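You will see subunit A twice below: alongside subunit B first, and alongside subunit C after that.
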Partner chain A sequence: MSTNGAYPIDRIRADFPILSEQVRGKPLVYLDNGASAQKPSAVIEQISRTYETEYANVHRGVHYMSQMATDAMEAARVKAQEFLNAADEKEVIFVRGATEGINLVASSWGRANLKPGDEIILSVLEHHSNIVPWQMIAEQTGAIIKVVPIDDAGEFLVDEYEKLLSPRTKMVAVTHVSNALGTVVPVKEVIRLAKAQGSAVLLDGCQAVPHIPVDVQALDVDFYVFSGHKLYGPSGIGVLYGKQALLEAMPPYQGGGEMIDRVTFEKTTYAELPFKFEAGTPHIAGIIALGTAIDYLNGIGFDAIAAHEHDLLTYATDQLSAMNTIDIVGTAADKAAILSFNIKDVHPHDVGTILDHDGIAVRTGHHCAQPVMDRFDVAATVRASFGLYNTRDEVDVLVSGIKRVQEMFA
Partner chain B sequence: MEKPVLRTPSIDRAPKPDYIRHMTDIETIDQTTQEIIDEFAFFDDWVQRYEYIIELGKALPDLSDDKKDEAHKVPGCQSQVWFHARQEDGRIYFDADSDAMIVRGLVALLLRVYSGRTPDEIIGTPPAFFEVLELGSHLSGSRANGLHAMVTRIHAYAKAFRDEGSDISPDNVVPIKPGALN
Partner chain C sequence: MSTDLRDLYQEIILEHSRKPKNAGVLEDPTAEAQGNNPLCGDRITVYVKLDGDRIEDARFDARGCAISVASASMMTESLKGKTLDEAEEAFGRFNTQMTGKEAPELAEDDELSALMGVRDFPTRIKCATLPWHTLRAALKGAGDTQITTE
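Entry: the complex of A and B
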């Protein structure tokens, strides 16, 4: 199925039960991985196993089951730490997803560090979840938001970014990989330049972690967030990485159980990291299964995944480029396996509706990145986003589907 | 693939409002919905059904650009949809448009059913007939294609005209809260 002979695509596909489902009588062709990836049996079974064999509330029970669940949850924290190459497991905060992670940093770090006139730098490529939390904290603190432009290919413009940086810059919050276009942002350079101005940096890693190995220490990034559900893990769980010194200095985000040291009505002292930022009972089964997803990815290996997905992206891009009625939106030199496009004179919503009847799942719309759509002067695009289980055959089904759309709307 | 024969007994391509008056004066709302169901039963597969919808979309008269404003946009749709309404002789007439062709086709069907009816007829007719058309527009699908949102807007106009009388400007129709669409 793949030209990459060494890649065990048949075994991998067999690991994902949903891929054998039929949609409207057709085999499911799932090309919406950028929105949410499907789950391997290992992850699905782990969720059951947690509830069946090792479930209780964590961190407080002296009893056996509580200790089992606590150990499993904390083992997942170590897996996430190793996955990002964080220096310490205390730097891994479990959150509901990247959105909550960014809100946590914007609110907690922002309230403690932003003053009127301070500047926050974002880019045009950002998902709304890396825009709105910063707008909210800017409104509260009097900070100002600056936006790095992109070029016609969808490349992050480092020169323009450099011009925006100044001693007033306190936070640079940009995406690692664009969800709408697939552009890989030169984050190493972004961070180096920000550090030279003394600014903190947050990276939105949602679209990066399923495709690219991430090393937060090598990057020297201050905050890194990702969502579990895009990483073949459960929904409702994600990770915020933060440098220990920064997290220590930040006030808690939410108050409640788990995050306290001692509570009296006169004064409450807070728990140590990471628990200071994990108020309330966490998503225990989700955290443990996220660890399983990380194990699963490591088992295949990022080099193999990246090579396979790059082959799919190239194959799909070549086929769509050859069709003269297709306009590919986002042609950066370095792209993750995301292909945004429009068919001439056909609304993306119409394209998605017809493709759906061929069993093909693509995303149509603004992809929660309206500034990107505005930059290219389109209301929406069709987005095919590939995962580690997709095949060239599925790209062929997509191309046939597009041809059918063109015939139907001619 | 063989092109379906389009049977369009009640789509008169003449400009509105004549074609709407033409049908609604002679048919009850139930007759019209049954007629649509009968038309769709004629098609063998989804491709034919959608090609028919696309034909209806192409035949729908455009709204002028100045009518495609924020005030008349239907919230809760993935594509952009605009609805205008006016009342004449106790009946409500709708004009609507979308930037997506399939949605325009659905709009054309909605106008056939709902335009030129009394407020009570409109309010008393849920879009149940769409379930029968096999467009994949069951509950989740109807949210995706905005059907639910459009019908909510049509019913909101009808309620506003019924409760406020004929003096109401359609622009005074309270915008529908997104939560009400779920």
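Entry: the complex of A and C
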């Protein structure tokens, strides 16, 4: 089953209880990791353990349980800091997910920094969550949105991007890896060019962090967001990284408890970072379990994960390329773990329903990236997205399922 | 192939989706409406030409799955010659059959009964009902209208 000798695929699969579930009498073949990844026992058990042995509200009580929960949550912050190689743990803000992280930056940074005529650069590859918050703040501030095009392979066009950049550019917000196509954006170059014009940069790292090691200092990125649930952690928790000086200059996003220094009806002063941006009781058990997910990934190692997933993507791409009536959507030179395709004259939803009957979970639809669909003039695609526990055998099951669809609709 | 999958993709449905009846734009319609399923990005436009309160012609233009195209094809076929009241009644019957808790009673000669396999696929029911909701919007608005299934 193993695709490279050293990769402990059997042990890894045994770590994920849901992978032994049956769907309609068939073994589950889970190829929808781009939407959400499954959870290892370590993460599932950590959630129970928190509530069973070390739970109370954080940063408040003087009592034992509050201190335990606070220590565990702050330990998870350090794990997230090290995961991104942030300079300081204060730069790690816990949010509900990448969507909330982007909304926080668009709203808080945007209100403080955007003026009429300022420009925000996005790309065609963006998920709706990295489009709509910017449209909302642009409408409020009079800023203008510019969009970097992609080519027929789904490559981010650096030349076109360079033409859009100017001293009016105040924010470049692009994805690190496209959720619909798998394209890896040349973010180092994107950031270097933006900095030359004095623009801030936000990267949407949702589809990158499960596959690629990220170093925010080496990238020199200003803001980086990701969601925990795509990283084999719980849903409802994510991380916003921001450079300390930028975060300190930004007004709070939400008001409430936890984020204050002192409150009177005349004037309220705000807490220090990171708490200024963490109003209300956070998802304590989720944060701690996200730390466990990071530990789990580090235990396997990103080099091993990347090599395994690269093998799966190459194998699947070769298999599907050899089939008749298959169009692969997105053929960039550098891709991460995502294979989007269509079967000629068959709608993706019909494909999805038939594959589901073989126990295969794929995403069908526009993947919350309608501009990408419009670019390729399709309503939707079928997307197989791989995770660290998938196997070549599962790709073979997918290929058999596709053949069944082709027979039915022939 | 499992039985319920064959119930969903019956030959008559595949046939309607391969060669839909009444597909394409209707010139000078009395009424039209656009339907949209934001979940999957599918779109349909339904056109109706009325003669008094009777449906003289009905056509549709769709970008959708086999289920939604087959449903639109069968719907437009069944509508021709019906009065507005009869069309409203047909909408009500189809909608109840599709979404009701009880398994529907069906006339054997009712071609639409071929779509009842969709009942076992809750995520796909909207595919079958979108053309009918769009038709209803066209008839109610008797003009240019937009609806959505969400």
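Methods note: the second predicted complex is superposed on the first by the 410 of 410 C-alpha atoms of A that agree within 3 Å, B and C clash if a C-alpha of one lies under 4 Å from a C-alpha of the other, contacts with A are read in each partner's own complex, and residues count from 1 in each chain.
Assume a contact is a pair of C-beta atoms (placed from the backbone, for glycine too) under 8 Å apart; a residue touches a chain by one contact, two chains touch by 3 or more.
It should be emphasised that the depicted structure is a prediction, and the values quoted were computed from it without experimental measurement.
If you put the two complexes together on subunit A, you find that subunit B and subunit C bump into each other.
Applying the stated contact rule after C-alpha superposition, one finds that A:Asp350 touches each of subunit B and subunit C. With both structures placed on the common chain, the touch criterion links A:Ile121 to neither subunit B nor subunit C. Of the two partner chains, neither subunit B nor subunit C is touched by A:Cys206. In the superposed model, A:Gly365 makes contact with both subunit B and subunit C.
In the superposition on chain A, A:Ala98 contacts neither subunit B nor subunit C. With both structures placed on the common chain, the touch criterion links A:Met373 to subunit C but leaves subunit B unconnected.
Residues 24, 346-347, 349-350, 353-354, 357, 364-365, 379-380, 404, 408-409 of subunit A lie at the contact with subunit B in one complex and at the contact with subunit C in the other.
Those residues of subunit B whose C-beta lies close enough to touch subunit A in the complex are 46-47, 50-51, 54, 78-80, 99-103, 136, 144-145. Subunit C makes touch with subunit A in their complex at residues 1-2, 5, 8-9, 14, 39-43, 63-67, 121, 123-124, 127.
By the touch criterion stated above, subunit A contacts subunit B in their complex at residues 24, 346-347, 349-350, 353-354, 356-357, 364-365, 379-380, 404, 408-409. Looking at the complex, you find that subunit A touches subunit C at residues 24, 346-350, 353-354, 357, 364-366, 370, 373, 379-380, 404, 408-409.
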